[in-house]
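Supplied in structure tokens, the structure appears directly below.
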């Protein structure tokens, strides 16, 4: 019985800790909370670029690239969700959130375009890759800005 | 009676002093012939001060390895003893009582290294 | 503390928990039947509640519904035991071997029910794999 | 000549059968986040599974008793029942992950969404369990699974900076971007992926299925001691592929489609086709092993008739158990749960449950009543005790680490 009580106690502490992160108190915490979904989004864009280039070079088949891009659409959805549900404490945080949301939305657009191209719809490879690169650059520079705040 | 009635039952001495619990029941295949085998005759009870843990037989067999596991389990069940069935005065609901002048024996299994002689090289 | 050694009994020595309970029971063809969940003990005079005044012997292996009470405690109603008479036991080693076929025993009724109602009715269920 | 072929076949199927969805996913995730700095865990895990599998195989060959019969006999109904509950549920979780893995791999080949593949995969799975001979099943999935060697080939084709990879592997350090708790959490996940308990249920029951005797001990030892380390090398190759391509780009692996991209980069369409075939074979083989393990564990605990060498009607409850488990796995997957997430949980829970199966096997392998002169030697026991400590430590640390790291996120 004692073990159960200790476990319940631990669970309560863990839950409380989880809530504390949800309502970030300091600017550093805010920056950190936004960095995670941005890194997730860069990872998705990086994967999408690789999958697209492989198909363009004839090293991948359409089904694999299509699946890889679809998986990245889901990853970006998760990232966008994390940014959109973030509650900023002040004006700086709100501005960061707006920038992050734009960057992630642009990434979603770029990956969706890439998937359209992989399935033979419009655009050309160069344009698709350029859009992905631009999105990656935007995500990276925003992450760099936030990193300066967190000191990471 | 089923064996479940005996196993883990508390054991009391002739003056109702608690001695421990029945951790196992020893049978010997020398009862009256029943089918192809002799019926297992109830030979005695193994009594330990502790109950509720699996002791995996280490306190009764000659197995000494792996050394750490064997030593720990033997230590947990130190003080286990055997009493003969003849020394059991009564099996009451929830308790076993021993008769006056009962004797304790070593719980070691006599001469029983392996039931698979085919697995031992001829010595 | 050195206890005197027990006299060396003439027959094979079996500790119930160590050598009988939870052992696999195999029928005469080597087919698994059940595990030993409990043992039924009677006095040699047939009494159901023996004590040390007269010898007692194992008359049956018990299996089936006894498992639940062994895990969760309590005493099973005797109507729900499945008995395998000791007469049918042919050998005791790392398994308990019977001298009869498992299909003839009450304890395998669930196996037969599942075979007759489910598995035996699916196509290929009664053929050798291959 | 025939004997030599038999030996080669045994080793090759052991290599091909070593990898499953857990190894694929965990190694790729770890490679993309930690490089090769956790490769040592794979080595520790492979030595452990060699020790554990050869011990349970020896017990099964000498005594004819499979793992769960022994667990029940040694631990009694209560402890063994708790053990069964845990092992059975984790095995079911692993089965679910493997079936999901088959569907994801087929999606890679077809673009058809996994939910449409799941029932197809499950039906194929059941048909093989129902009708195919044990040895055919083992050999075919094992040999086709060997195509995963393409991961090792890909590492060479990618032309990595070998000194950097060696540096990661031989002087492991926690990467700057990751915390220590996360590092150790993934160490436990990798250990669980390499030492999944179902492999032991399957291995010991398989020894009974194939009627191994003392005469087959040398062959079985060879299969394990040569086959599993090669399987371990393939695991490290998967991590290396991810470390070479994804780690510098800051890409985190979260799907099966990412795992095959380095192979495509290295070897083009042909290599890609080969790796997809390999993943289908590996996950299908592991799905078969886990389906059978669900039947083995329950039937052996209850004392039911079991085994693929019998007609299904002669092992009715065993076959019914497998049918129900496959249906449950399909039901869970149809809720659109992510099979990769299921996999990540299944390997960690495997690590948690390891001591439950490991200890009884160790004790019986020392019991002359079962083993006669084939009891463990001194060296085996010394090593086995070291592993007992490692396994218990990993098991105890797993849950706190899981909570502290939010399951590695």
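Letters A, B, C and D name the chains as they come in the text, with residue numbers starting at 1 for each one.
Keep this in mind: a contact is a pair of C-beta atoms (placed from the backbone, for glycine too) under 8 Å apart; a residue touches a chain by one contact, two chains touch by 3 or more.
As the structure is a prediction and not an experimental result, all values here were calculated from the model.
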>> When I count C-beta pairs in contact, which pair ends up with more: C-D or A-D?
In response: C-D
> What is the identifier of the chain with the smallest separation between its Cα mean and the overall Cα mean?
Replying inline: D
> What is the distance, in whole Å, between the centres of chain C and chain D, each centre taken as the mean of its C-alpha atoms?
Replying inline: 35
>> Please tell me the distance, in whole Å, between the geometric centres of chain A and chain D computed from their C-alpha atoms.
In response: 32
>> Please tell me the distance, in whole Å, between the geometric centres of chain B and chain C computed from their C-alpha atoms.
In response: 19
> So, what's the distance in Å between the C-alpha centres of chain D and chain B?
Replying inline: 41
> Going by the touch rule set out above, which residues of chain C reach two or more other chains?
Replying inline: 17, 21, 70, 94
> Got the chain D residues that touch at least 2 other chains?
Replying inline: 63, 76, 369-370
> Where on chain D does chain B make contact in their complex?
Replying inline: 62-63, 74-76, 79, 214, 359, 362-363, 366-376, 378, 381, 384-385, 388
> Of all residues in chain A, which touch chain D in the complex?
Replying inline: 10-11, 14, 39-40, 42-43, 46-47, 50-51, 54, 58-64, 66-68, 70-71, 75
> Of all residues in chain B, which touch chain C in the complex?
Replying inline: 1-7, 23-32, 34-44, 46, 57, 60-61, 79, 81-82, 84-91, 99, 103-112, 115-116
> Residues of chain C touching chain B in their complex?
Replying inline: 1-6, 8-18, 20-21, 38-42, 44, 48-53, 55-59, 62, 66, 69-70, 75, 81, 85-94, 99
> Which bits of chain C are touching chain D when the two form their complex?
Replying inline: 17, 21-25, 31-35, 37, 63, 67, 70-71, 94-95, 102, 110-112, 114-115, 118-120, 122, 124-130
